[in-house]
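Written below as structure tokens is the structure these notes are about.
Just so it is clear, A, B, C and D label the chains in written order, and each chain counts residues from 1 on its own.
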Amino acid sequence: MSKVTIAEIQDILDAELPLANLLGCTFEEIGEGYCTVRMAFKPDLIRPGGTIAGPATMALADLALYGVVLSLVGRVELAVTTSLTVNFLRKPGQEDMIAKGSILKRGKRLVVAEVELYSAGDRESMVAHVTGTYSVPPEAG
Amino acid sequence: MSKVTIAEIQDILDAELPLANLLGCTFEEIGEGYCTVRMAFKPDLIRPGGTIAGPATMALADLALYGVVLSLVGRVELAVTTSLTVNFLRKPGQEDMIAKGSILKRGKRLVVAEVELYSAGDRESMVAHVTGTYSVPPEAG
Amino acid sequence: MSKVTIAEIQDILDAELPLANLLGCTFEEIGEGYCTVRMAFKPDLIRPGGTIAGPATMALADLALYGVVLSLVGRVELAVTTSLTVNFLRKPGQEDMIAKGSILKRGKRLVVAEVELYSAGDRESMVAHVTGTYSVPPEAG
Amino acid sequence: MSKVTIAEIQDILDAELPLANLLGCTFEEIGEGYCTVRMAFKPDLIRPGGTIAGPATMALADLALYGVVLSLVGRVELAVTTSLTVNFLRKPGQEDMIAKGSILKRGKRLVVAEVELYSAGDRESMVAHVTGTYSVPPEAG
């Protein structure tokens, strides 16, 4: 079972991560070691060429990593990303984007997770793939 | 010499990359294969713990990569990030952040660059390090 | 269907990639966009602490990436790795290691794939995760 | 000052990291937070196309990361790579390869470093760039 609910995570975003709202990201699902986050399309997210900007995609992925971490260790302010690698695979269309995060390793101090990103209308063709590492305080979880 | 001026790059951002303005990023310097970009601090950029959110840092870095690419190939809409790796090193303070991008390799189809990120008030302690790859059309530049 | 057989790929390794034999790597399975490679354990592969050295793990993963690429584009000497990211998750035991490569994106010029690595005796706990990009000549495949 | 000497590090490699000798890697220089490692060219290192294989390059880079870590924390068996990203920039010639490692961040539990790799005969054109993270026991150093 996830150590935080969608409502609790949404409270954290509202209070302490203004970017999540600015970018229109909301949690759709969270369980122990996985979560799904949606970023609503809006014109502010585009880049030259008319697709969604890479930084918006990375922000969504980082939020999914954060969700995976919170699902495992509970609300921990000091959980921070230590590294993140993104591979951009296809140009996303002008529509909502979906990030599905899942755990790769739950260590005592490091949590490693991956995120698969899709356009909401095409769950078959991944638009980007992310792996990331979070550092968590030893006593957490 | 850079193939684009700061004014030209700023025009691109104004017209086609709303996120850059939303995040308060402006180019300070651009030359052949390098550039400096500043992100003005504002409360929208914070994350739990009170430091600047990782996605804002990554967005700034991606913009510096984009500047390095444009400096070499000129204005090319189809230049796109193919991969990016960030290592977060220190928690940035609540102040402007500076990204210094520089070329690692100018290939025919791939441009690889690195970005060093600092807090504006402390140019000695890197807060994050980024490497990224851009794909450019073969005829560009 | 894979564009190369296991026998053909083994011929390439024998003739042109001495490291693969030196490390004891052999292909077990190859299909269109995926493959399985095994690295036989031997004392030469260990590192301080008694587990298998990271570079041996990375070499095995790179070989699985190469297999995925060859399965899609056929025998192409000029296919080269452009970037690779590895996350080490658990210490592998002193036993054979298995790499399972699968395609993430087959572009005209770039192939992106991921590799999951396991100890042969425990296919449930991933010991490392790799994503990598190969550059292929435009005319290949 | 480095917490290990070249002789001490060479002893560790001889006793516990057979791959380093197998690949012909030797330390040339070590100081607090930096080191230089050389890999002697030999035919075993080549790959299709006649350049040095990516895994050999990565192994050399990982060794330079390890040197940077040992220079800071002393001999610690449990220092392990947690992640590593390599960008291959140019095809190295059939000659010795040089890796120059340097520290990016010395944290209590994580050490982040970068490595620049060159052909011995051309110190101007980087053939690969690596960033990597090592996990070190909290009490080390």
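Rule of thumb we're sticking to: a contact is a pair of C-beta atoms (placed from the backbone, for glycine too) under 8 Å apart; a residue touches a chain by one contact, two chains touch by 3 or more.
Since the structure is predicted, the reported quantities are computational estimates derived from the model, not experimental observations.
Counted by C-beta pairs in contact, the busier of A-D and B-D is B-D.
Farthest chain from chain C (centres taken as the mean of C-alpha atoms): B.
Chain C and chain D have Cα centroids lying 21 Å from one another. For the pair chain B and chain D, the distance between mean C-alpha positions equals 28 Å. Per-chain Cα centroids separate chain A from chain D by 33 Å. Within chain B, residues 82-83, 85, 87, 133 each touch two or more of the remaining chains.
Per the touch definition, chain C reaches chain D in the complex via residues 12, 16-19, 22, 43-49, 53-56, 58-59, 62-63, 77-78, 80-88, 91. Within the complex, the chain D residues that touch chain B are 85, 87, 89-90, 104-105, 112, 114, 126, 129, 131, 133. The touching residues of chain A, counted against chain D in their complex, run 82-83, 85, 109-110, 133, 135.
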